[in-house]
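Both complexes below contain chain A, partnered by chain B and then by chain C.
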Partner chain A sequence: MKGLADRHRLTPLALAGLSLAALVMVAPLLWTVALSLKSNAELMRDSGTAFSAPYTLENYRAILQGSQVFSWLLNSLIVSLGTTLGVLALCSLAGYGFARLEFPGRRALFVLVLLGLAVPEQAVILPRHQLFADLGLHNSYPGLILPGLAAPFGVFFMAQYFRGIPRELDEAALLDGASRWTLFWKVLLPLTWPAQATLGVFTFLASWNDYWWPLISATRSDRFTLTVGLASSQMNYAQTSGLGYLMAQAVFAALPILIVYALFQKQIVGAMAGAAAR
Partner chain B sequence: MNALGRRSLLQAAPFIGPFLLLYVGLLIYPLIDGLALSFHRADPFGGRAFAGLENYARLASDPVFGQALGNTFKYAVLVVPVLTAITLALALALNKPGRTASVFRGLFFSSSVLSVTIITLIWRFVLTPDAGLLAEAWEAGGREPVPFLSQPDLALLAVAVATIWWSIGLPMMLFLAGLQQIPEDIFEAAALDRANRWTTFRRITLPSLRRTVVLVVMLQTAAQLQLFGQAQLLTAGGPGGASRPVVLFIYETAFTRWELGYASAIAQVLFVLILAVTLLQFRAGTSRREP
Partner chain C sequence: MKSRALLRLAAVAILGAGVGCGPEERRTEISVQRFFGECGAVYGRSTEVAAAEGECGIVTTLINRFAADNPDLDVDANVVAWPGYAQLTAQIAAGDPPDLVTMHQSVISDYQARGLLEPMDDLLRQAGVRPEDFTAAGRRGVSKGGAVYGLPWDTVGGLYHVNTGLFAQAGLMKDGKPVVPRSAEELLEHARRFKRATGRPYLIQSQVNDPATHVRNLYTYLLAQDAVVFPDPQHIRLRTPEARRVVELFRTLEREGLTTRNQDYPAATASFLNGEGGVFLTGTWMLGPFEEEARTPGRPLHDSYAVVPYPRLWGRQAAFVDGHAWVAPKRERSPEQRRALARFIGFMAGHNFDWSRTGHLPAFRSVVESPEFQALPHRSDIAPLATAGAPLPSFVQRQAAIEGMVGEELASAITGAKTVEEALRDAERRVNDLLSRL
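On to the complex of A and B.
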């Protein structure tokens, strides 16, 4: 039975291979942190100095003493939270409607929503850009939030979850004289908390890391989200104040989401895998 | 419509109405408008002139589009098999209880939560010859640093490597979830039959993971056909268009040359390609092939 016990333990060979792979994973991150902790002048002479002391926090100080990075962070936060709350509200309502209510055209409408799952962003982004220009929505929070609310995945996801709740609950509540609305709000919605958490984490992360749409919609630097701001920083690298400062921005931008990841690792991994395997 | 139908519709409207309104306005309408746009010559100020199939005819003979399409296939062919193999191997090695495996899993997934602009910042300063980590290593070995991002035959490969590094988390987790679904007693039976590791993998593990493999390949192919930010920020599609994928070509056509009709035609072609991949692999995933 040696083979069986083996399957539950990491062999030395596997451990060596994994450690090597982990090094490849971590080395670029450590290099980024090392560069961010060096003075720009020293890096200008030779970036090889990043391997050794002296290290300094001057680049982080420069970020904290008023740079645009803060307003980008705030924009990202507003857009991601707005998108997440909007998606949760819209998709809970619609998911319930499709799962529980009978009305003419329900099947056809649900198929229409499902078809949207196959539409990549590239197929709609140009006309959407024109539409938002016509409506004067570029460089605004609604302009950045609204496209995220039209994604069909959440409706499909919530409808599936509502279908899994026993119908006896509805019947009991309706017998007690509850209205459709009370039934939804007081009885069923609290039961969908796990699905809300998964959909919420997934939506927040997708919105936080979105690049294509904010790149073309938010063209004024005070409306940049963090992703677009960092893109402009690296494209204007030649004119900015140095490599160390640039890398400090990368670390500063990565930290919030890495902290969230460290805290909610189980939920994030579950949400992303669940969304992919739909 | 009878009274009952009308009443049930009124009852459902507050629930499905808000979403449907946004969905039709911001997804269905743009989808149709995008198709219409592709048959027009259009400028960013809303001017449109019907052009029939002109944009599509131009597409067929545009060498820049041909190059971008070829590059996009190269990205898919470079990234998908390597990524699938690496993540399957990682999942097999890490499908174990215990702290060590859990730490490794968390580490390999961590790059997936970062945005594309952070990834490109990190990788630019791994790859550039003047301040990159690899250049430092090369110099330490007494050799000339390689300009990975500006050499025609290396730029696309460099973007592909950064993409693999970024994308490793999700497929690994999907494979791990797939492995958890295989009942333990099959492995016990195999061990009793003295099947070695390779036989067990080939005869039990791999066939049981068939659906997951199809899922991973499908998701990754669709993702790589849409590769955009990495190429835009690491190489700007260069040198000489050697690493420009189709989506970057769409972006440049629409937002630097402002040819919205032509850009829309390219987007339609890409949409059909992605749809074809999805359908093809959906069929592969549902049909059962007996060994």
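On to the complex of A and C.
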């Protein structure tokens, strides 16, 4: 009879397959890092020089010396964290409401929220832009954060998670005299931590990488997020004459994301596995 | 005691407020928005225009210099992601466009046709800039319906960048100058001779994900044959003998292996830098980097670089060109702001030579003819572009989208995926469909 460890041991063939798949996944990242460590002049002649020395940190120095790069970084952090916190708060409340509360029109309202999943951002960009212009919200943090708070997927995700929690917990808490708010805040919400982590990470990543809305809402360079700021620092034909700098920008912009993954890897994997099993 | 301290505080506050409202603080604000990248790390505080290099360095330093020379103005300079039109459109929609914006001359008609740009005749007059002093190409690029809609800043066009070392091997040099063909047949003959002598393709072309290259070739040689490409604002005409001739030539070059194949722009650039072909068909903007290579010992282009306008293969000498301009989106402006804008425009016009160090051709005849411009490397060779260069007719809108469609179809024809006739028919149909919806 095989033990648990034996059953989880990979065959050489599976190991080779997984290693190959991992290599395919990581190759573009390694290529990007290698190019970022080469001088632009060398890469213009031959990008194959990325495989051999000399390497340089010149491109990273150029980014760090950029006049506004740290303010763009700060803007991205404020916008991404603000959006993430807002989404978590709103989606948790909405998810709880749809999963646990009975009120007239609940189903219809839930369907209406889900329909939001079918509406692409491009379809609403013009009226949204006009609305924000009328409200004077462009080139402001609220202008960058508010659109991201409408998160139908987050509501759906949290509602499903709340539905998976046994109702007996509610009944026990209510019998003990807990209010609806206490039940939500002290009993159910702590149980949704894996879902919160997943939703939070995904929201943070989406907000961090967002380009389209910040491009047209934040038109002043002191309000650029990192994605727009780095794009603005590129010259035309950057892929030819500034390839190393371009790749260094990609690495620089990805670093916070990699840190988020590294810090929350356990929660992400656990929550994804849990969500899949559910 | 306490009340005296409060009085002192109040006096300080009033004085402070008075200082804050003093005449020296009431500076006129103008906002200028540009592309060309952000290089504040190197040029953020520099006002030494002559020492600046490259598009970003020169434009940054020019704006810094203007701000330093005009301390009574508050110049708000905004750098946008290339090419910045999504942001500009958003700013216009939000009712807060900048005062002056960099814009490709080929894009002006899109905004001008919708009444979003201010005619600049008055501003130019106020700035002491006369449109008669623009080059022919520059003036054509900013003139729409009898009015001038921008300060042209340069002319950008395609050039024959030549590896003279390889040309010499093929016997295509005479008196130290490359011998360029004078007909399509001669071009093929030169290309075949070049390949026999060097074993390399005559042409280096960026043919993948680069519709602009194909379109530049086509428009240039249609202009040379005086073909009417856009008979009216709603139609393009491509199923013509003139267009077939041009596309057939490039198809033949491809079929006979006389050009590089399957290269995108960076790959084609690397090929030229590494001496893998005779002529690279690309624009004025690469003159600087190639000249740098030509000065670097040990590199394939060392002492082996020349650049000339596209040769005349049919009809007359012509070149399809575009250019950059400063335009003024429509918005309310005070008389002080208008005066400030006129000063900015006058300053930029006065520094057109500095901008021409980027490799782009000047937009003023006096600069093109000036000894200092002619003394820059290769500039006297390419100066004819400022006269012979022409944009599309000023009524043609959506030129960037049209370029994409026509370029895709041309690529299909040149690589053999479609016949020439099919590609021209499809290009015409797609563009006419687009234009019919304007």
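Here, the second predicted complex is superposed on the first by the 175 of 278 C-alpha atoms of A that agree within 3 Å, B and C clash if a C-alpha of one lies under 4 Å from a C-alpha of the other, contacts with A are read in each partner's own complex, and residues count from 1 in each chain.
As a working rule, a contact is a pair of C-beta atoms (placed from the backbone, for glycine too) under 8 Å apart; a residue touches a chain by one contact, two chains touch by 3 or more.
All values reported here derive from a predicted model rather than from experimental measurement.
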item: Contacts of A:130 with chain B and chain C, given as first, second, both or neither; value: both
item: Which superposed partner A:188 touches (first chain B, second chain C, both, neither); value: neither
item: Partner chain(s) touched by A:138 [first = chain B, second = chain C, both, neither]; value: second
item: Touching partner for A:217 - first (chain B), second (chain C), both, neither; value: second
item: Partner chain(s) touched by A:47 [first = chain B, second = chain C, both, neither]; value: both
item: Superposed model, chain A: greater residue contact from chain B or chain C; value: B
item: Which superposed partner A:234 touches (first chain B, second chain C, both, neither); value: both
item: Partner chain(s) touched by A:243 [first = chain B, second = chain C, both, neither]; value: both
item: Chain B versus chain C as contact partner of A:21, first or second or both or neither; value: first
item: Interface residues of chain A shared between complexes with chain B and chain C; value: 47, 126, 129-130, 133, 216, 228, 231, 234-235, 243
item: Of all residues in chain B, those that touch chain A in their complex; value: 1, 5, 8-9, 11-12, 14-16, 18-20, 22-23, 25-31, 33-34, 37, 44, 46, 86, 90, 93-94, 96-98, 100-101, 104, 106-118, 120-126, 130-133, 136, 139, 165, 168-170, 173-174, 177, 187-188, 191, 196-197, 200, 215, 219, 222, 226, 228-229, 233, 247, 250-251, 254-255, 260, 263-264, 267-268, 270-271, 274-275, 278
item: Touch list for chain A against partner chain C, complex; value: 44-47, 62, 65-68, 126, 129-130, 132-133, 138, 215-217, 219-221, 228-229, 231-241, 243
item: Complex contact set, residues of chain C against chain A; value: 35-42, 44, 54-56, 78-83, 86-87, 89-91, 93-96, 265-266, 269-270, 273-274, 285, 289
item: Sites on chain A touched by chain B in the complex; value: 1, 3-4, 7-10, 14-15, 17-18, 21-22, 24-29, 31-32, 35, 43, 47-48, 51, 90-91, 93-94, 96-98, 101-106, 109, 112-113, 116, 118-131, 133-134, 146-147, 149-152, 155, 180, 184, 205, 208-209, 211-212, 216, 226-228, 230-231, 234-235, 243, 246-247, 249-250, 253-254, 257-258, 260-261, 265, 268-269, 272-273, 276-277
